[in-house]
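Shared chain: chain A. Partners: chain B in the first complex, chain C in the second.
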Partner chain A sequence: MTKKLSRVSGHVILILLSFLALFPIYWMIISSLKSSPEIFGYSMITTQPSFSNYIDAFTTVPLFRMMLNSVVVSLGTAVIQLVVAVLFAYAFTRWNFKGKIVVYGILSITWLIPVQAIMIPNYVEIINMGLNNTLFAMILPHCCSVFANISMYQNFNSIPKALIDAARMDGSSELQILKDIVLPNMKSSIASLGIVLVITAWNDYLWPTLVARTDEVKPIQIGLKSFTGTDTNMWGASMAAATISTIPILIVYIFMSRKIISSFMKGGIK
Partner chain B sequence: MKLKKILTMGLSLSLLAGIAAGCQSVAAGDTTANTSGQAGTAADASQADASGDVTWSENLLDPENPVTVKFYSYSYASPAFGTGFQTMMDNFNNGVGKEKGVILEFVADDTGTKAETDVKAGQQVDIVQAYFAGIDGDRDTLGISAFEDVFPQEELDAHFEGIPENCLNLGKVDDKMYGLAFTFSTPMLYINGDLLEQAGIDPTQAPADWDELYDWCVQIKEATGKYGLALSPSNSTGWVTDSILYSNGAKVLNDDRTAVEFASEKGIQAFETWKKFYTDGVAVGGTDTEAMQAFASGEAAMHIQSTSVYTSFVSAAETAGWTLYGYPMPGFNGQASVPTNSGSAIVVRPDSEQKAQAIWEVIKYVTGDEGYTIITSEIGYLPLRPYLAEDENYLKDFVDANPIIAANIERLADVQPATIWPGDHAAELTTLYADMSTKALTTDADVAQTLQEYQDQMNQYIQQ
Partner chain C sequence: MTEMVKKQTGVQINMAMRKTAAKRPVKISSKIKPWLFLLPTILIIVFWMLKPLIQTLMYTLYDWNMLPGTMPEFTGLSNFTELFNAPEFGSAILNTFYYILMMLPFAVILPVIIAALLQNLKPRTQWIYRALIFLPMIMPPVATATVFQWLLHQTNGLVNHLLVSAGFLENGINFFQTEGLARLMIALITGWKMIGFATLMFSAAISNVSPEYYEAAKMDGSGGFRRFIDITVPLLSPTMMLMIMMSILFASQWTFSYIDVLTQGGPYGTSTNIYYLIYKYAFGNSNVGVSAAAALVFLVIFGIIALVLQKISNRLAFYDN
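For the complex of A and B:
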């Protein structure tokens, strides 16, 4: 009886939590179909669904172009960060050298420097390099992620040293050891970290606001914000654009839900 | 253990380095501000005659080698307004710009921070669309120049003809024009005619004053259950609060802008009248956005808001099938109100005489007859040139079709400047002013005591 009760209460809590997670998505979709006055009301349904907000969203900003920009920037950033993190983690795991702890300590501390503190110097550099208003300008300052390096180093530490030594004795080069021994064992960790890095880069707003000047290079996050302004807010179009922008993420989630959940679980446990 | 020690030492060092860097960045900021301030100095290279007035001896613009003017605009970043700005830019670049040798380039700056960052990064920032309340501060942060210091007086006089004198004073600090009113609006009372009729009130007449407005609100609440009025106590930068205080004869700042004085008898009286709407539950407050939403959704019968949102309300009324009416905001004791201005001003930072000439061509266009026709008809702000409303070539047709706009244009001559807070603490003072309104109007706090408390606090900032 107690077991049954606890199972029921567990389900009730899960249903409530699911409702909290799903309701904003429902509200976004239903609001995107509402007319201008309806959108300010509290009605859970719309009596006259209309796609005019979607037309407004597409005619106001180049939504697809912005989504493509976001895909390029987030994937590009994540891939480069992963490559750097793998090389860093391998070097730190493989070799013991003087001052290793100090280098690791200094590296960890740089994680604490807020982005805002280095934004202007980075911006000046980007301008001097002639990269302002390009997609690469959104990727370049984020090529090395301390978070990714440290996470990867912790994962690489779990590989038995004996395995690497054995491969070396077999005559494998460092690159071969990394490629044939380490990476196949780290697939799951790399995929998990990759997902977190993609999501972080996808949600970045502040830096792209600074370097993206034209709609052709703006990512979707800036596109979504542009529907709300100081004097007027285009709520309907904003909801329509938000609905469209969630579709690629939703597709990725459907295909990779297990990996995504596991990556967040691992991140949480660490 | 060793690692822990190293990390602790490293963290302490980084904290110290952070503090040092912070100090350095403040110093760097100061330097940048001073450097950017040299924009005006460089522009002073424009020849000045014996009286100190700027003169332009020759035309430095060349259609073969056009000069680009970068105009940072928050309206351009807004999808609702961006199209109008795009039209202005295209028309300028294909017309006057091509003829004179000037290319106008709008830079979308939705938060206003991009201009400041670009100034600090040493980038070209020529014109900025700025809020009136922060103009004094912009003298330091953006290094803007007074119009009289960079443009010849005869050019200014010729261009300002047709603009009401009081509107030209809106962006003045220390008797110099640092900002020229650009996108511009006054507080307007929007009315949902159907809700008023349900309450037995004739919506074709405006309420005589705030007392009558209160009576209407009570009547509406009793008859329909809806709120009579939607008005945000903090209302953006507090420009409606300014208007309410001025309308009852109170002041916000003293004449030389060295002290706050809203906690006067007239100020307290105005706030007590306003507070009654919230305490009796006949008005809805919240943020500006919440108040707008309450009116657009039919939850509130009346709303005091900028003329710039007029087209949004027209569309909301048309879709929902109710009739929209609009009047100037009411005053006190049967008197007309004193309207203030919201919207933005143009501020400039030319770095050479040639750039000053190019900027002036842009300003003449965007604040000229064609510019204001686009700003009013496509964006919804008021034309700073009232005569355009009578001219068939410009705004007559639009104003005839939108009489609500006409009512506000008529009041342009009465506009008083919304508060421009003293530069050093403009941001803090704006926040305190909004906090004061919210506390005095929507809590149990005593109005007189709250106003006095905030007045003292704000004066301490000003005197620092």
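For the complex of A and C:
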């Protein structure tokens, strides 16, 4: 009896928490579909869903362009980070060399350096390079993700060393071993790490606010700010734009939640 | 006999020498090889992280506004006196600790309880709850901030509407412009985001605990609550330490975007934290020196805290082995 009771109360608490997690997202989507008078009505559903807020959102700011910027920046960043991480992880799995511990130590320390402690010199650097207000400015400083390097290394550890040794005996070059033996075995873990890197870049906030100045360059997260704090009657359009900025992530999450969750748990917290 | 041994060893030495001689070029290149693979990582880290870190440390001694054509001017330690005398500095430090403390229920206490509740469910049910509770973690920051701004809006927000209809309030509250409430809301929104992630960390840790402990405790007649206190909590202590450490080191980072979008540190600097201060000094006041000084103070404080925590966690954490 008490066992049943505790199980039921457990479900009640978990349902409540799931509700709290989901409700703001639900409210964002449902508000975006409500027409102008209805949005101030607090109804939990909408009887006549309309897309007028979306039209407003697209005409207020170049949302499409901003989405495209986000896609380019987040995919570009993630792909480069993956390449750098693969090379790093290969060196760490393949060889025991002097200085390995030092490199690892420095890497773990840089993981703790907050953006705020390095943003001024990097901002000045980007200006000196003439890259301010370009998409490159958002990709370049993030070409190496310490988190990606370390998780990739952990993934690579699962490859049997004998496999690599066998290929080396056959006279394969290092790049051949990497391409023919290691990467095919690592496809799925590279993919799930890649998704987390894309999401992280998509959600990046501080650095893009510094270097993306005009609407043509802003990624969607920064573009969304045009709706906050300016005109309070733009709530419908604001929710529509917020929904658009979230939809790609939600879709990926629906299909790959397991992979995303397990990669995040390996240290994607920052 | 000895002659032969000598000859043999001589041959062996000779062969060994010849071997190393033949191997030599290979050895050198195999010494360089790992570094070739590490080169991209090293170049990027040095250029975009270590070099700027050193530059930031140098800026603490200079006065500069980042305007093109101007040069940093050496001013000694005056940036630090300016920082320590700034009225926002005290409240930024205080709020930094406030946010850390407010993270603990969401990153440690509640997640441990939820993870324990999830533990006895069927794997499939567990996954559904986990996937739902985790969702806030991947929500984009500005979208999240905007939704909460709308939910908590003074006149049209759902929360105020419910509070007024229920008779708790006569008029809606302007949550983000009220002293004390602004930072509470930011802490709650950040907590909303973090709780699912922390729960998953604890769930993973619990699933590694051997079921035998629970079986043994059941045989001894301990109830569910006793088992939670006696087995789950101590075995989760390494994960708890990790999450406490993460909260301390990253709470300021997690709250940053919400502060920027929702309150800009206000009202009257009551919701600002040290990160936001660093940002505001640099890009709001164009005062690079003071911003860098604040960054250095931050690095020192948090560096010490990280070291102390590392020591404590090595000593206290109870490992299941």
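We take it that the second predicted complex is superposed on the first by the 201 of 270 C-alpha atoms of A that agree within 3 Å, B and C clash if a C-alpha of one lies under 4 Å from a C-alpha of the other, contacts with A are read in each partner's own complex, and residues count from 1 in each chain.
The rule is simple: a contact is a pair of C-beta atoms (placed from the backbone, for glycine too) under 8 Å apart; a residue touches a chain by one contact, two chains touch by 3 or more.
A quick note: this is a predicted structure, and the numbers were derived from the prediction, not measured.
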Q) Where does A:133 make contact in the superposed view: on chain B (first), on chain C (second), on both, or on neither? A) neither
Q: Answer with first, second, both or neither: which of chain B and chain C does A:35 touch in the superposed model?
A: first
Q: Would you sort A:185 into first (chain B), second (chain C), both or neither based on which partner it touches?
A: neither
Q) First (chain B), second (chain C), both or neither: which does A:172 touch? A) neither
Q: Could you say whether A:245 touches chain B, chain C, both of them, or neither, answering first, second, both or neither?
A: second
Q: Could you let me know whether more residues of chain A are touched by chain B or by chain C?
A: C
Q.
One more residue to check, A:46. First (chain B), second (chain C), both or neither?
A. neither
Q: Please indicate which partner A:227 is in contact with in the superposed arrangement: first for chain B, second for chain C, both, or neither.
A: both
Q) Where does A:20 make contact in the superposed view: on chain B (first), on chain C (second), on both, or on neither? A) second
Q. So which positions on chain A get touched by both chain B and chain C?
A. 40, 106, 112-113, 117, 119-120, 123-124, 127, 209-210, 225, 227, 229, 232
Q. Can you list the residues on chain C that touch chain A in the complex?
A. 30-31, 33-35, 37-42, 44-45, 48-53, 55-56, 59, 66, 68, 114, 117-118, 120-121, 127, 129-151, 153, 156, 158, 161, 192, 195-197, 200-201, 204, 224, 246, 249-250, 252-253, 256-257, 260-261, 275, 278-279, 282-283, 288, 291-292, 295, 298-299, 302, 306
Q: Give every residue of chain A touching chain C within the complex, in rising order.
A: 3, 6-7, 10, 13-14, 17-18, 20-22, 24-25, 27-28, 31, 40, 42, 83-84, 87-88, 90-92, 94-95, 97, 100, 103, 106-107, 110, 112-125, 127, 140-144, 146, 149, 174, 199, 202-203, 205-206, 209-210, 220-222, 224-225, 227-229, 232, 235, 238-239, 242-243, 245-246, 249, 253, 257-258, 260-261, 264-265, 269-270
**Q.** Residues on chain A engaged by chain B in the complex (per definition of touch)
**A.** 35-38, 40-41, 60-61, 101-102, 104-106, 108-109, 112-113, 117, 119-120, 123-124, 127, 209-210, 213, 225-227, 229-234, 237
**Q.** Touching residues (chain side chain B, partner chain A) in the complex
**A.** 2-3, 6-7, 10-11, 14, 18, 21, 25, 74-75, 77-82, 107-108, 110-111, 113-114, 117, 120-123, 236, 289, 293-294, 296-299, 306, 308-309, 312, 315-317, 319-320
